[in-house]
Amino acid sequence: MTIPDPASRLDREVIAMRVAREFRDGDVVNLGIGIPTLCSDFVPPGVQLLYHSESGVLNCGPLADEADGDIDLINAGGQFLQAVPGMSFFDSAEAFAMIRGGHIDLTVLGALQVSARGDLANWFLPSRGVGNVGGAMDLAVGAKRVIVAMEHSDREGDSKIVSECTFPLTAMRCVSLIVTDVAVFEVTGRNRGLWLIEVAPGWDADAVGSVTAADFAVSDELKEIELL
Amino acid sequence: MTIPDPASRLDREVIAMRVAREFRDGDVVNLGIGIPTLCSDFVPPGVQLLYHSESGVLNCGPLADEADGDIDLINAGGQFLQAVPGMSFFDSAEAFAMIRGGHIDLTVLGALQVSARGDLANWFLPSRGVGNVGGAMDLAVGAKRVIVAMEHSDREGDSKIVSECTFPLTAMRCVSLIVTDVAVFEVTGRNRGLWLIEVAPGWDADAVGSVTAADFAVSDELKEIELL
Amino acid sequence: MPIDKTVPTFEEAVADIPDGATVFIGGFGGAGGMPHRLMLALRDLGSKSLTIAGNTAGIAVPTGFGWPAGEEPIDHAILVENGQIAKVIASFPVSGSVSRKNAFELAFERGEIELEVVPQGTLVERMRAAGAGIPAFYTPTGAGTDLAAGKETREFDGIECVLETALRADFALIRGAVADRLGNITYSGTSRSFNVAMAAAAEITISEVDEIVEPGEIDPERVDTPAIYVDRVVARGAQGKGSR
Amino acid sequence: MPIDKTVPTFEEAVADIPDGATVFIGGFGGAGGMPHRLMLALRDLGSKSLTIAGNTAGIAVPTGFGWPAGEEPIDHAILVENGQIAKVIASFPVSGSVSRKNAFELAFERGEIELEVVPQGTLVERMRAAGAGIPAFYTPTGAGTDLAAGKETREFDGIECVLETALRADFALIRGAVADRLGNITYSGTSRSFNVAMAAAAEITISEVDEIVEPGEIDPERVDTPAIYVDRVVARGAQGKGSR
């Protein structure tokens, strides 16, 4: 077993690139703030997505230049958007009916912790004592598929993949794929468990295990993360 | 006691005229089919109403000529409407959110039976074995005020005002005013009971009692129906 | 590939509706907002034992409800008369006139079709709940009446309420005025009716429209049913706006 | 008399909001759809012990969330800093940045304000329920989390759901683009946000708009908040569309 140098961890853009391989033509996608937002830069050729935003817009387009910002055209992160053909606007009740009613094919979210069963904790940092839930719980429960895109370890170097979340939960058993800067796990099976399917260059299953605070099974077809 | 000649019963138009005296300036009003529809012809001077229709239109205007009928502009009775300034269109969920959410100030409905407590039966004729509930239950429960406008007796001459409804109910304890072709009753009091407040010309309390299958109290200020 | 939900013919649009499916049929009762051509195609397809849900089960011929004078309605009756309907869920299932029965009422009297009557507001709210991920809600409408028989009740603020559950369908047949190829739909006037709630509450939503345009040709402020809810759009072509 | 819901000044529009009232404040978080002038008037009125409900409790200064570059937001902070708020109900109450706290968070740390955090979708659905006459509904959102602590739960189709109740207010302060004198309101783009659900869920709904026009000047297909939900409209006048 070799634990690679921390420098061998993947960049945020590469995590996003790997997640973007999960996009299917025609998917309705909601991207969280942070690494998830970057995924839109790496949509595979031939794939057209409909982006949904909780701010009340479907098929929203790229960011506007700051100087062209229209206060009546923002995304869920408060960024100004360009108008694009085929958009539609609606109120918050409709925006969340779309999420909660199972109409979002895929959401990509950041996380503070993900458990081996796919429990997600991403809204409340106990040290702050107060937090913003925003639409996180609605998305985690309502989207057909939830992918977590995050760094594998937190700033203290502790694993963000854990046996049981110690931070307050966003939703139980909701995550189906975890893409980090060292590995890709599926959350699968009747009892829901982690299944290591890909590793970053220079990493192997043992090395991933040494930085992961949860048990996982290793795919017979374990391979290096493919980005194309 | 004199029971007046049946011919002395009020016309449908006169019932509607009496009901229209209940309209207040700015009221949002939903009128049922039949006598209630006629009320719009007798709105007092200086009173502007916003008419609501379950078909999905607010502030709807008068009927259109048949030849000008637009299939996309109908009322709840399937009649074609004229377009008027200040209308708005919405779907059925919103149309009924307005009704069920308590946003209709006044609805005027027909009835098969009304009980002394203000229970309403107006959707199901047992002899037919099947019936149209339409929006009747929603209106009876949701409107701030429910007025029944009807003939006092059915075709067999039986009282439509009864101690207990024998026909299937539309809603319990919902009616606050009953205007018939012989009398006007309020439904009032902690235990909800009938209070005779007006009679048609030629009628008195005893005469009304002789055609009414429910007990009622008589107002000290009982008077002849006022139409102006 | 640019997303394109256009289906060239009504026949193809409904081709996978199987026997036993639950199908929403849009509109309010009149000709506006009613998917006539989709219903004709479903009649021609011949799927049996369908459950249909919507405001009506067809209107009597000719009662004139929301139909141009002298036109014989194309509505639920064509499916009823073709023996395709096992169950109706509706608020206004029979003719407004006792003496002029619609096809549904005649079939109901013969014991051929099951009926569930639902208050109009509860019916559309049950569809809206299905589309919005709400499995059940409480409403005072219907409390104490035969239509709440057997249903759970509970008091809120001293008012008896009925527990009503989400109503989904396998297919929704709806009708809009204009769609774009992405599946955004805009309606005209009172023709939104049940179409909007149904679109979000069905597994597969198929919309008949007067016209299909390119994305961007519908004002984004005028989209009443966003593309997320729509699977197939099919144009009436030469028929355009109309009641046939 | 022709119905006319116009109020000439912001001061008059909010004059009857008493101490202890529950007040919805519209918008999503950015400048669009946020009733700035109504909030300023409520600040000047000085009502105390208010409960405010909405998506945020103000944003940090200056985080740029939905605000033109360099502009200092006019938002909930002006009420918080004036000591008028007893309780906040919100999904996004604090700044997105741990290091740049908003006025609410500072007051919360000092123990001056009570907080109820509600998932964004549940929050708007609770308002929508209040407007639509639904006393309570079930949702899977929040099940098994701290935000469902103490709430009734029940399984539907094997999924644990939380019972959530309607959320009403005494007043809603909302913002639209254009109103007519009857109270019909149309919005622009993403500024519908919470305004639409709030308008229907408050006893008194007051809308700040860029412009007030005569009935008929708003396309009836473009009315997003029908007049039935609106009690007062007040125009921004020379300020027109803008963030101040």
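Lettered A, B, C and D in written order, each chain numbered from 1.
Definition applied: contacts are C-beta pairs under 8 Å (C-beta built on N, C-alpha and C of every residue); 3 or more make two chains touch, one makes a residue touch a chain.
Treat the numbers as computed from the prediction; the structure is a model and nothing was measured.
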Intersection of contact sets, chain B vs chain C, gives D
Farthest chain from chain A by C-alpha centroid distance is chain B
Here the gap between chain A and chain C, centre to centre from mean Cα coordinates and rounded to Å, is 37
Rounded to the nearest Å, the gap between Cα centres of chain A and chain B is 57
Multi-partner residues in chain B (2 or more other chains touched) are 57, 89-90, 93, 96, 99-100, 142
Check: chain D positions touching at least 2 other chains come out as 125, 128, 132-134, 139-141, 188-189, 220-221
Among line, ring, star, complete and other, the chain touch graph is other
So the complete set of touching chain pairs is A-C, A-D, B-C, B-D, C-D
Chain A partner, complex, touching residues on chain C are 1-3, 128, 130-134, 180, 182, 184, 200, 214-217, 220-221, 223, 226-229
The residues of chain C that touch chain D in their complex are 125, 129, 132-141, 156-157, 159, 161, 165, 186, 188-189, 220-222
Given the complex, residues on chain B that touch chain D span 25-26, 28, 46, 48, 50, 52, 57-59, 83-90, 93-94, 96-104, 142
Interface with chain B, chain C side, in the complex: residues 28-33, 55, 59, 63-69, 91-94, 96, 98, 105, 108-109, 115, 117-122, 124-125, 127-128, 139-147, 177, 187-197, 224, 241-243
Chain A residues touching chain D in their complex are 33, 53-57, 66-67, 69-74, 77-80, 89-93, 96, 99-100, 124-125, 128-138, 141-142, 168-172
